[in-house]
Amino acid sequence: MALFDLAPELLATYRAPQPAPTDFDAFWAATLEEARTHDLNATFTPLDTPYVTVDVYDVSFTGWGGQPIRGWLTLPRARDGRLPCVVEFVGYGGGRGLATDHLGYASLGYAHLLMDTRGQGSGWRQGDTPDDAAGSGPQVPGFMTRGIQSRDTYYYRRVFTDAVRAVETARAHPEVDGTRIAVAGGSQGGGIALAVAGLTDVQLCLPDVPFLCHYDRATRIVDSFPYGEIGQFLKTHRGRAEDVFGVLAYFDGVHFAARAQATALFSVGLMDDTCPPSTVYAAYNAYAGAKDIRVYEFNRHEGGGDAHALERMTFLHAHWRTR
Amino acid sequence: MALFDLAPELLATYRAPQPAPTDFDAFWAATLEEARTHDLNATFTPLDTPYVTVDVYDVSFTGWGGQPIRGWLTLPRARDGRLPCVVEFVGYGGGRGLATDHLGYASLGYAHLLMDTRGQGSGWRQGDTPDDAAGSGPQVPGFMTRGIQSRDTYYYRRVFTDAVRAVETARAHPEVDGTRIAVAGGSQGGGIALAVAGLTDVQLCLPDVPFLCHYDRATRIVDSFPYGEIGQFLKTHRGRAEDVFGVLAYFDGVHFAARAQATALFSVGLMDDTCPPSTVYAAYNAYAGAKDIRVYEFNRHEGGGDAHALERMTFLHAHWRTR
Amino acid sequence: MALFDLAPELLATYRAPQPAPTDFDAFWAATLEEARTHDLNATFTPLDTPYVTVDVYDVSFTGWGGQPIRGWLTLPRARDGRLPCVVEFVGYGGGRGLATDHLGYASLGYAHLLMDTRGQGSGWRQGDTPDDAAGSGPQVPGFMTRGIQSRDTYYYRRVFTDAVRAVETARAHPEVDGTRIAVAGGSQGGGIALAVAGLTDVQLCLPDVPFLCHYDRATRIVDSFPYGEIGQFLKTHRGRAEDVFGVLAYFDGVHFAARAQATALFSVGLMDDTCPPSTVYAAYNAYAGAKDIRVYEFNRHEGGGDAHALERMTFLHAHWRTR
Amino acid sequence: MALFDLAPELLATYRAPQPAPTDFDAFWAATLEEARTHDLNATFTPLDTPYVTVDVYDVSFTGWGGQPIRGWLTLPRARDGRLPCVVEFVGYGGGRGLATDHLGYASLGYAHLLMDTRGQGSGWRQGDTPDDAAGSGPQVPGFMTRGIQSRDTYYYRRVFTDAVRAVETARAHPEVDGTRIAVAGGSQGGGIALAVAGLTDVQLCLPDVPFLCHYDRATRIVDSFPYGEIGQFLKTHRGRAEDVFGVLAYFDGVHFAARAQATALFSVGLMDDTCPPSTVYAAYNAYAGAKDIRVYEFNRHEGGGDAHALERMTFLHAHWRTR
Amino acid sequence: MALFDLAPELLATYRAPQPAPTDFDAFWAATLEEARTHDLNATFTPLDTPYVTVDVYDVSFTGWGGQPIRGWLTLPRARDGRLPCVVEFVGYGGGRGLATDHLGYASLGYAHLLMDTRGQGSGWRQGDTPDDAAGSGPQVPGFMTRGIQSRDTYYYRRVFTDAVRAVETARAHPEVDGTRIAVAGGSQGGGIALAVAGLTDVQLCLPDVPFLCHYDRATRIVDSFPYGEIGQFLKTHRGRAEDVFGVLAYFDGVHFAARAQATALFSVGLMDDTCPPSTVYAAYNAYAGAKDIRVYEFNRHEGGGDAHALERMTFLHAHWRTR
Amino acid sequence: MALFDLAPELLATYRAPQPAPTDFDAFWAATLEEARTHDLNATFTPLDTPYVTVDVYDVSFTGWGGQPIRGWLTLPRARDGRLPCVVEFVGYGGGRGLATDHLGYASLGYAHLLMDTRGQGSGWRQGDTPDDAAGSGPQVPGFMTRGIQSRDTYYYRRVFTDAVRAVETARAHPEVDGTRIAVAGGSQGGGIALAVAGLTDVQLCLPDVPFLCHYDRATRIVDSFPYGEIGQFLKTHRGRAEDVFGVLAYFDGVHFAARAQATALFSVGLMDDTCPPSTVYAAYNAYAGAKDIRVYEFNRHEGGGDAHALERMTFLHAHWRTR
C-alpha cells in the first residue's frame, strides 16, 4: 500500500466536520444507568496455568442487558500492594483466546484485564462470550451492521457498555488500584478504549490504529473490511445512508475522544487502508486530554507492531513506575 | 472453474457416508410442535404496485419463537378459484427485496409466496425480518456459525421452522389450493426447500444447486463462502470439528432428502465450487420421492440460470396445468 | 470500491472538453439514410410461452447493412388500444436471452421491445444475432475495437443503426402507439439508448449507468473492462490514440445527448469503476432535453438495481398512465 | 503453478479418445480447393530497415476467401542459392509486429516468413490483417468462438487456410528452396503449424506448447484463457456442448497430427495451465511423422523459452546445414 | 484452502522415496568440524528491559565461517540452579525481533535462547545478523536459492551450522543445564530444529509445521513461497533440477529426522499449502527418536497456533517439571 | 492501470526536491579508484553459435572488489574497422541469458556488450555472475536492500562499479571505437545506464523506463516490486527511513543524471506503476546533457516496446551512421 490518504501536513490538523448528536451524552448516560441496574457480579476464578511468573484468573462480570461477559485477569506472581491495571480490548473478529496467550502487561508488574468481545472470537482468536441469548454464540463476523436499525439496538451499544463495566470489574478486584487504570487496545480494541475513555474516568488511554472513528469518511475512502461491511449494507439498502450514519454518530470515536480526559498515547500507520490515517487523526485531533501520537509511515494496519509495544511499556512506566 | 469434484460417473451414485442422528426426527418434531404453540397469525396486506397483471400482498406470519416473519404473496390478477402455490426461499445473504421484484411464478397463473430469511437481506437484496429480538436486525453475513454451539441454538433451526410455517401460511390463504404446494429456491433457498420437503407434506420440490447439504464434505473440498465460514470457525476453534458436525447433522439436506415424498426437480452445476456437485448429488441420491435432475456441465454456482427457469415452468405446468 | 472519481460537487457541473466532429450529423444522416434503403421487413411471430399474463413475439427486422436483427416483443395479454412501448437495449456481452426472461415492462401494461445486440450474447445471456456475414455469429467479446480503423467500419455504427431501426420496428406494430416510445437500457444499453435519443425522435429516454460516453476520459481513469479494451488496443498500437479517439468521437454518448429532446431519467453509481461517474455526468450535463438523475452513492456498476427499477416504473407511469 | 495434470508416466502414453470426423479430410480438401480458386498473388516488397545483416520484405498473399494476408519475409543479406525457409505462425492475440522484430531465423542463414494472423494483433503485438470485410479489422480478442456455429464459419477455418497458403507463398519466392520448408510457432502458432503439417507437405514441424489441441479435455481441466473462451460460451449457451465440440473436431491438432508426415520437434511445459500437458501429449502421441519432444518440468506456458529456441536452431541445422 | 494433499490415511505412512546422499554424514561432520576451529566466543550482555518477571541478555556467538551470530537469552528472574533450556529458531523472513518480544518459555521457568537467522529479519520481524561479510546485512528475501550452486556454498549450510553452535552457546551459559536442551521452532524454525536434532545430541525436539523437508515433492505440489523460490529458479535455469535437488538432499529435514534421537512433538496443518502435510509427514515418519504429532485438520500454515503453544508447554513440563 | 501519477503538464517540469549528498562525487571517485586498483583483465572468448550473421564472445572482466563479471560481446560478422559499441545493462532479476539471445544491436552493424548483473539472473533470464564470494551465486531476488546498512556495503555500489568497468572493457576490445560508446538498458538497465553516464564519459545514453531514480517518492506512491522491497524493509525496520534514504541518495539516478554529459534518449510509460513517470521525469528533467524523451501514454512498465526499439535504432544511426 502506498500513501493514499491526506498528506501528512494535512493530517496534523484534520478535523471531522460533523458535531456529535445533541443528545449524545444523554443517550450514553441512560444506557450506562440501565446497565448498572444489574449487579456487576464480578468473579475471578484462579486457573492452573503452566506459568511460574504470573497468575491467571477466569473473569466473569455482568455487561449490557445483564448478560455475563468473560475475560482474563493476569497478575504478576510476585506482587505486593495494589497494582495499576491495564484493561485491554480486542481487535475485530478476535476473542480473549486462551488463558495462556497474555503475558505482556503482567510481566511489567501490572494487573491486566482482557475483556472478551461479545459474539466475536471466531475470526482469528477464539472467544467465549455470546451476544444476546439463544442463537447468538460466538460466530464468524460481521458485526458492523448488527442492529444498525437504531442506536438502541446497535451492536456497539452493547460492547461499549460491556467495556465500561470491565473497568468497573478491574476496580472491583482487591489487588487493583482503581485510581491507576489504563484502557488499551489495537484497531477495534483502540476504538473501544476511546469509547471507554469518553464514557468514564480512567487515568491513561492507549488506542493503537483505532477503528470505529469517523465512519462516514472511512466508508467513502476505503472499501476494505470491516468498514466495508457498512458500505456493503448501504449498497444493498439504497437510500439509507443518512439513517445509518445518524445511528453511527452515537458510536463515533471522534465524539468519545472529545470527552476524554485520560492522558493518551495514540499510534497510526500512514499506509493503513483498514483504519485510514485521516480517521485516526480525526479522533486524535479531537481528543480532549493530554496526548501524543507515534507515526509509522511505511506501515499499514499492523502499525507500530513490536516497536510500539515497547513505546506503550515506556509510557506506562513513565506514569506508574515513578510513583 | 474447471471440473474439480468427482467424475460424472461417480457422482451418479455418490452417497454421503454418515447416517442421520438417531433422534433427528424427534428433534424436529419437538421443534415444530413448540413453534406451533404460537398462533400463525398470517396476514396479507394488499399493496399498490405499478403492475397491471399481478397483485402483491405484504405477508407476515409467526415463525420460530413466536417472532414475525415477512414475505410477499404475488397472485395473477386474472384468477379464478384456488390456485396452486410456489413457496420460495432465498439464496444466502439476500432478502425478500422489493414487492416489485417477483413476477415469474404469478405470471404462470400460480400463487407465489416468497419468504424473507431472518437476519439476512443485506448482502445482495434487501430484507426486512430480524433474527431474534434486540440488536439483531438484518445485517451483513455470516450466518453459518450463528448459534452453532448446539442444535437448539443453531441459526437454521429457526430458519427451517420459519419455512415450514411459510407453507402453513400459504395454505392459510383463501385463494390457495393447499393440496398443490411446491417449495422452491436456489442455493440456500434450495437447501431450505429440501428441509421443508423433509419436514412437512408438500406436492413438489424444486431445489436448484442446493446449499446446506453434506457439510463435512463441503467444508473439506472447497474453502469458498458460505461453507467456508464453517471452515473458518474450525480453524479458530481447533478441536471442535466433531461437535460442530454433530450439530450440523440435524440440519443436513441429505437427511431431509431421505424423508421427502414430494416429486422433485433438482439442478446442479458440475463446476460449482460454492455448492460442489458431490454434495448436491449426495442429497439427490438420498432423495426418497420421485425425482429428476438437470445437469449443467460448464456452469458454476449460477447453474442452469434462465434455461433452468424454463425447465421449472415446464415442470410446474406438467403437474398443475393438466389438472 | 471507494469514491475515486471527481467529488460530487464537481460532478454536478462537469463537462467533457471536446466538441463533436463538425460532420457528426452528416455522418449519421448518411448512415441512417443508407440503412433505410433496405426494407425494414419487421416480423412478429407469436410464441407459445408458459405465461398467462403476457404474450411474447419473436421479432426480426432489417438493421445495418440489410442484415436481420432479432428481438422479443412482449405485450400484456389484457390489452386494449395502442400501447406505449419501451424499446430496450442490452448490456455489454449479453444477448436477448430467452423469450421467457422479460416480464417487467409488459406487466406494467406497456409494450416492450428488446433488441438483440449483433454479435454479442455469449458473455452473460445468450443472443441470436450475428454481426456481418460468414464467420461472425455470436461470440465471446470484445467488441470495443472491432472495426475501429475508421468510423465507417466501427462496430457501434452498425449497432446504433440497428437500434434506430428497432424503434421503427416498434412503431411498425399495429398495437404500438408510435408517439409514446421510450428507449431504455443499462450500461451499454444506456449508451445505445442515448444514441437513439440523439438520432431519432422518441418521447422518453432512460439511460442507467450509461456506457459509451466520454471515451478518452474513461480509458484514462479506469482500466476495467470493457473500456479497458480500448486501452489495451492503444497499449499495443502505440501512437494511434489520436486516430482512435477521432473515430470514437462519432460514437460518443456526450454528443448524442447534446442532440436529444426526449425527457430523460438517468442513474449513476458514484463508486462505479466500470462507467465512471464523471463520464455519466458528462453525458447528463450535456443532455439537451428535460432530465433528471438518480444518484446511488455507495454503488458500483450495479447502480440503483431494483430500487431504480421502481423509479423507472414510476417515471413511465407519470408520463403514460396519467394520459 | 504446481504439477496439476496427469503424472509424467501417464502423459507419455496419453491418447485423446475421440476419432476424427469421418469427413474431416473431405472438409479440408474442399476448403483448400475453394481457396485455391483465388490467385495466390504473392508479393514481396523490399523495406528499408536499420539492419545490415538481413533484408526484410513486406509480404502479401491471398488467404481464405480471396482476402489479402500480410507477413514479413526476412532473408540473410549474405545469401547464395535457394534457402531453406521457416514459415512461422504467431501466438494468440499477437500480430506480425514491426518489420524489425524478427531477426532469429534469418540470422541462422535461412529464409523466414512470418504470417500475420487475421483479426488478431492487438493483444500483445500489433497486426495489420483484417478478418473478413467491413468492420473486422484487427481487434482485441476473443477469437475462439467466432463463427463457432458451424465448421464452415468457424474462425480457424480461415486461419488454417491462410496458413497453408503462407507455405505456398514461401515456395513462390525465387530464393526459397520449396523442398525444405519448416513450419513453426508457439502456442497458437504451434497449433497452426500442426494444422499445416496435417494439411500439406512440409519437411519439418516445430510446434512449441501447442494450443488448439484436444479442446474438450482442455476446456474441462483448465478455465484459463484462451481455452476458457469456449467454456464461457458453453456456460452461457447451455446445452450446446455437443454441437460446439462437434465443430471443433474439424480443427483439432490431434487429428492434424495423425495426418502429418514432417519430422517434428515438440516442446511442453509440465506446469502449463494455458495449454495443459495432456493436450500437448495427445497431439504428440498421435503425431504420425518422426518426432521428438523436449519436456520443461518447472515451466508453465513459457515452456522452454530461450533454451528451447536454441534447441530449435540445433534441430534446423541438423536437417539443413549438413546438407 | 481445502484439503489438497494426500488423504489422511495415506499421510500416516507416507515416506519420501529418496535416500540420503552416501556422504551426508561426512559432509556435515566436516562442516561442523571446520566451524569448531573458530572459538565459540559466547557472550551474554544483560539488558535493561521493562519486565519485572524475566531477565534478558543480548547474545553473540561465533557461527559458520567465524562470523558473529546474535540472539536473545531470556531467563526467569526468580531462578535457582541450572535451568532446562529451549533453543528456538525463527520462521522464514523474520529475525530475532526486539528483546521484549519473547516472554513465553521463560515464563514457564525455563531458559530460552532465540537465535537470529543470518541475513533474514526484514520480512516480518527485524533481525540484526548479516550473512557473510560486506554487502550482505539483513535484507528482504529470498534465501532459498542463495548459493545453491553447490552444497558448500548453500545458504542453509551456514544457518544449520549456526544453529548447532547456538545449542553449544546455550550449554556454555552457567545457569543452563546442558543435559536438558530442547530445540524448537515453527516453519523454517521447525526445519532448523530438525536439522539440529539430526546433527547433535539434544533431549527434546519440537518442530511445528516444519519447512525445509522433502524439497522435490514440495516444489512440485505447491507453488507458494518460500518453496516456490526453488521452482522459480528451476523455471529460469532450465535443466538444473537434478543438480539443485542433489544439493538440497544435504539439507533435507527428512534425512536429519532419520538421524535424530531426541524425543519429539511435531505439529501439522492438513490444509497447509506452504509446508504441505505430506512433506511434514515424510519427516515425521522418518524420525528415528520417540515422537508424537498433533494434527490440525482445518488449518493452513498457522497450524495449531495458541492451542499448540499450550501443547508445547505441557510437553515440556511433562519432561522437565516432573524431574 | 489508469493514469495515477502527476498530470502530464506537471510531469514536464517536475524536479525531485532533495539535492545530492555533498560528498557524492568524492564517494564515487574513491569507489572507482579502489576498483581500478584491480587489473581489468578483460577477456573475450569466441563461441561457436548457430548464427551466420554475427560473432559472439564470452566476456569476463574484473568488477567491484576484484571479482569477475561476465557478459556477451556480439559483433556483426561482416565488419571493418573499429565499431561504435552499445554497452547494455539488464532489467531487475534477469541475467545475461544465453549467448544466442542478443541479435539486435550487432545486426545494426555495431558492437554490443551486454553485462551480466551480479547475483541476479534467476527471475526471468538466467545469469552466471555471483555477487561476492561464498554462498552468493545467482539467486532469486531481492537485491534492493542487500547491504543497505551503509553506502559502502550497498549492493548497487558494486553493480554501478561493475558497469563503469564494463565500459572500460568495451573500450579494451581492439575492434571497438572507444569514442563512440552508448550505454543503454530498460528499467534497472536504464538506471544503471544513467549511473554510468554520470560516472564516466560516454557519447550516448539510452535509458528506457529507468528504475533506481527518486527512491523516496517511488516507495511512497507505489508498493509494487522492486521498489516495494524498500517499503517492506522500512515496514519491518521501523524508524529507519532517514538512514535508508540517506544511503540511497548515493545511488539515485536523479543525481547521476545531473552529472551526465552524454546525449540521451529517454522513454517513459505514463501508466507505469513499476517505475512511476514522475520518478522518470525527475531524472529526465535533471539530466545535464542534450536529451529527448518518448512518451507512451497508454503503457505501463513495458513502455514503448518494439516501437521504441525502432526509435533507439534510429537514434543510434543518426549519431553513428552519418559519420
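Letters A, B, C, D, E and F mark the chains in the order given here, with residues in each chain numbered from 1 onward.
Everything that follows uses one rule, which is that contacts are C-beta pairs under 8 Å (C-beta built on N, C-alpha and C of every residue); 3 or more make two chains touch, one makes a residue touch a chain.
None of the values given here were measured: they were computed from a predicted structure.
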| item | value |
| --- | --- |
| Chain D reached from chain A - shortest hop count over touching chains | 2 |
| Neighbouring chains common to chain B and chain F, by label | A, C, D, E |
| Equivalent interface to A-F, taken from E-F, B-D or B-C so that over half of the residue contact pairs match | B-D |
| Homomeric contact chain B-chain D: same or different residue positions, threshold half | different |
| Between E-F and D-E, the pair with more C-beta contacts | E-F |
| Computed distance of Cα centres, chain D from chain C, in Å | 39 |
| Distance between chain centroids, defined by C-alpha means - chain A, chain C (Å) | 51 |
| Gap in Å, rounded to a whole number, between the CA centres of chain F and chain D | 37 |
| Overlap residues in chain E, where contacts from two or more other chains coincide | 125, 307 |
| Touch-based graph of the chains, sorted into line, ring, star, complete or other | other |
| Chains grouped in pairs wherever the two touch, ordered by label | A-B, A-C, A-E, A-F, B-C, B-D, B-E, C-D, C-F, D-E, D-F, E-F |
| Complex contacts: residues of chain E adjacent to chain D | 219-223, 231, 234-235, 238-239, 241 |
| In the complex with chain C, residue positions of chain F that touch it | 1-3, 271, 296-300, 302, 304-305, 307 |
| Chain D - residues contacting chain F, complex | 50-54, 76-78, 97-98, 100-101, 103-104, 106-109, 125, 306-307, 309-310, 313-314, 317 |
| Contact set on chain F toward chain E in their complex | 65, 121-126, 130-142, 144-149, 152-155, 157-158, 229, 232-233, 236-237 |
